[in-house]
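Below, subunit A partners subunit B and then partners subunit C, in two separate complexes.
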Partner chain A sequence: MVGAAEEARLNRLESQVDNGGGGAWEYLCLVQKLGARRSEKVLKHGLSILNDPRARSRLGVEEWTLYEQVAIAALDCQQIDVAKECIAALSMKFPGSIRVGKLEGMLLEAKEAWADAEKAYARLLEDSPLDQVILKRKVAMAKAQGNPAAAVEYLNKYLEIFMADHDAWRELAEIYVNLQMYKQAAYCYEELILCQPIVPLYHLAYADVLYTMGGLENIQTAKKYYASTVNLTGGKNTRALYGLCLCGVVIGQLTKGRNKDEKAESPDMSSLAAKALLKDYKERSPEKLSLVTTMMKNMKLIS
Partner chain B sequence: MGIGVFVGVLGGLLLAHAAYSTVQYRGMLKIMEEEFSGPPPNVIIELLLGLALCAIAGLAVPEKFHSILPYSEENRVVSLPANLDFMIFNHRGRALPFDPELKLKT
Partner chain C sequence: MAECGYVISQGAYIKLVLHALKHRSSPVNGLLVGRLLDGGIAGASPTVQISDAVPLSHSQIGILTYLELALIQVEEHFGADGLAVVGYYHANERHDDSELGGAARKIGDHIFRYFPQAALLLLDNKRLEGLAKGKGCDPVLELFTRDSSRSWRRASSEGSSQLSIKEPSANTVLLDYISTEKWNQVADFDDHLDDISKDWLNPNLFN
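Right, the complex of A and B next:
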């Protein structure tokens, strides 16, 4: 999970490193720790460390994790040659390691040699049939080949064994959303909320899925989850505030003409959200304030 | 930071000394063939002082404490890590030009 302070630190270090202010190793460590995908920059700065024998020897054993990080970044940037050299260095140091074997498989994947990659992974799985990383690579490979149905199948099999892996649940949810299978995606997000109840982004994603499914009941639930996102983020999440506004409007439309007591509390929360949004825009982006104000007026959330 | 570490080391030394004096005291009691009912008062004072110093060091050395509120500004979750275990390589980024100068020199 990336916190606000950590994100600010990452951005600060990134601009420092880009402007030649040093701290490349610190930056690479932070990227690794936060799981950020900044392949281009990792490749550039990682290679500058690896090509400098003095800087490289200063890292000690960390040198090999840097080789791994750079190899993956190079694959992501389609720099197959660089990746190949890094992996060759690693396999010379650690012959027969599964972790290096995974990198070799990924190299084949990047070259789109699917059959070879499949064979490489199958060979690794013979030795350790429950290796999580390799099983996840198989899912990714199915996804890369444009076969989400197979990816879903693999992931479901994987999750039967490793039920507590929230990254896998998130991936499954995202694939289901891509396939427009919202009911299944909602189930995955429920699982994620159970697993990590204080991560607001899962509440937000769950609410988004419910809102997309539509229907009065779903939208009422979605509104509750948008509200809990607002609660968990201290009102700093713009998307959740917009979600509250839209839910309020849709519920108003759906219950129009029905009994009046249901309507009593709902416009209240969405107009509060609208006010919070306007305040936020006033502070952070005053030039767009008039646009938002007209939109809110059209939705009859503010007068 | 420097003072905190110094206080911590001092507290640790005091605790070690208290242990040493207790062992000595018990040895003395054995010679005098008396029952051990409790540590002598100077050891107790030493223990309390050592505890206080260690507690001060424990609060002073790590410097800033993190907030435990999930929505406080410092540890508010703003994004999730990119799911790198599932990363795929045939994405649209491959259409971008990359610097051919980037090479691993061995």
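Right, the complex of A and C next:
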């Protein structure tokens, strides 16, 4: 996942390179660093460097990471022949490398030769049974074959060993959400929040799952986590502010007729969120202001 | 449930296909907006006229918060013109997945409660791929409707619940937009929540 500022920088670089302004290598490095998936551009610009002998030699040792990056981009764009060439070059330079072995496995995956890919990975795992990259390829293959149950099983086994891998927890949570297994997704986000309590993304995702699960207790907890997201993001996160508004409304509906003292605190946070949203819309999205104002009035969050 | 015809406008059709093309490695979904037209005299079957599509999401499709938010805002905006949410579209993550998934069915059920003739449109990846080769006028979508047994069924090719595109040259226009990578200009509700200056109504998309 890429943050807004990083995405903007990436887009600027991308259009600079696209329009002949140079900076291809800088762009490729940034894509690699952010883990962004921009395979068509990577293929185009990566190949232009690799096919130019002078540019290639200027890279020195980095030439090989570029081959790897272009190979993966080529597989993503179904340019199997290009990928084969890159992998062949890497294989000659690094014979017997498990990193190149993974690329060969991915080549088989791209050709949908699932059984062969499984065998290739099994062979590599014999020598390095705890290779994280290969273990993750097994999860990816299960996903690609439309077998989320197997993906979940492999990921859970992986996390028993590598329980500090935050990306893996997030991936598992997202698969659970796709399967509508919200309780299990919630558990993943709880693990993430325990490990990294000040990352707002996890608070927000947790709140989203709780809201989706529904029921008074879950929504009250969701409200707390939307609130903590607002806190951690300095009130700038639109989703969290909207989340607070919706929680306020639902809690109001579910607790109608209950003890008025209990409810006294609830409307305030949601009304504050509503006001913050309207202020933001006024500045950055004025065409939508009247629509959102009407919505807030209908939800009785503003008068 | 009486059989019903479904007509989708070129704008709605192209917008939803472009939305799917913008996010090729994830599922996408969106709402369909329109109205029900009576069969009129002589007992002709009614028609659901789909006049617009609102792209919703390209991530975390099972999450309720933003779906509810979008429904509120879409109904508020289009209600003023006498239009309602008449259906839902979905494109699966994987190329060879042609099943209507659980999340899509649940959302469809929700829309059905307010609009019984609701249409669920699933992007047909194979037909989309074949678009560049053939010159067909058929939409690259599969229509699902709720039958009396309360489940979503593919509209059969013999039944009268058919989906057609209002403008017969829609696929030609779509191919033209695809060649210019027009999908980059489509903004969905997700994009709006990331940056509220992006408009999920896409008012200038076809200018």
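Here, the second predicted complex is superposed on the first by the 295 of 303 C-alpha atoms of A that agree within 3 Å, B and C clash if a C-alpha of one lies under 4 Å from a C-alpha of the other, contacts with A are read in each partner's own complex, and residues count from 1 in each chain.
Just so we're on the same page, a residue touches a chain if its C-beta (ideal position, glycine included) is under 8 Å from a C-beta of that chain, and two chains touch if they have at least 3 such contacts.
As the structure is a computational prediction, the values presented were derived from the model and not from experiment.
Asker: Can A:Arg37 be said to touch subunit B (first), subunit C (second), both, or neither?
Answerer: Touch partners of A:Arg37: subunit B and subunit C.
Asker: Who does A:Ile302 touch here: subunit B (first), subunit C (second), both, or neither?
Answerer: A:Ile302 contacts neither subunit B nor subunit C.
Asker: Regarding the shared-chain residue A:Leu278, is it in contact with subunit B (first), subunit C (second), both, or neither?
Answerer: Neither subunit B nor subunit C is touched by A:Leu278.
Asker: Which holds for A:Lys288: it touches subunit B only (first), subunit C only (second), both, or neither?
Answerer: second
Asker: Pick one for A:Val133: touches subunit B only (first), subunit C only (second), both, or neither.
Answerer: Once the two structures are laid over each other on A, A:Val133 reaches subunit B alone.
Asker: Is A:Tyr211 touching the first partner subunit B, the second partner subunit C, both, or neither of them?
Answerer: Touch status of A:Tyr211: second partner only.
Asker: Is A:Leu59 touching anything from subunit B or subunit C once the two structures are fitted on A? First, second, both or neither.
Answerer: After superposing on A, A:Leu59 lies clear of both subunit B and subunit C.
Asker: In the superposed arrangement, which partner chain does A:Cys195 touch: subunit B (first), subunit C (second), both, or neither?
Answerer: Neither partner.
Asker: On the A-aligned overlay, A:Met269 touches which partner chain: subunit B = first, subunit C = second, or both, or neither?
Answerer: neither
Asker: In this superposition, which partner touches a larger number of subunit A residues, subunit B or subunit C?
Answerer: Result: the larger residue contact count on subunit A belongs to B.
Asker: Which subunit A residues lie in the overlap of the subunit B contact set and the subunit C contact set?
Answerer: Shared contact residues on subunit A (touching subunit B in one complex, subunit C in the other): 4, 37, 144, 174.
Asker: So in the complex, the part of subunit C that touches subunit A is made up of which residues?
Answerer: My answer: residues 25, 60-66, 68-69, 72-73, 76-77, 94, 96-97, 102-103, 106, 193-197, 199.
Asker: Spell out the residues on subunit A that touch subunit C in their complex, using ranges where they run on.
Answerer: 4, 37, 144, 146, 174, 177-180, 182, 205, 207-209, 211-212, 214, 238-239, 242-243, 246, 280-281, 284-285, 287-288, 291-292, 294-295, 298
Asker: Would you mind writing out the residues of subunit B in touch with subunit A in their complex?
Answerer: Residues in contact with subunit A: 70-90, 93-94, 98-99, 102-106.
Asker: Within their complex, state which residues of subunit A touch subunit B.
Answerer: For subunit A paired with subunit B, touching residues are 1-5, 7, 34-37, 40, 43-44, 47, 50-51, 70, 72, 75-79, 81-82, 85-86, 89, 106, 109-110, 112, 132-133, 136-137, 139-141, 143-144, 167, 170-171, 174, 198-201, 231-234, 236.
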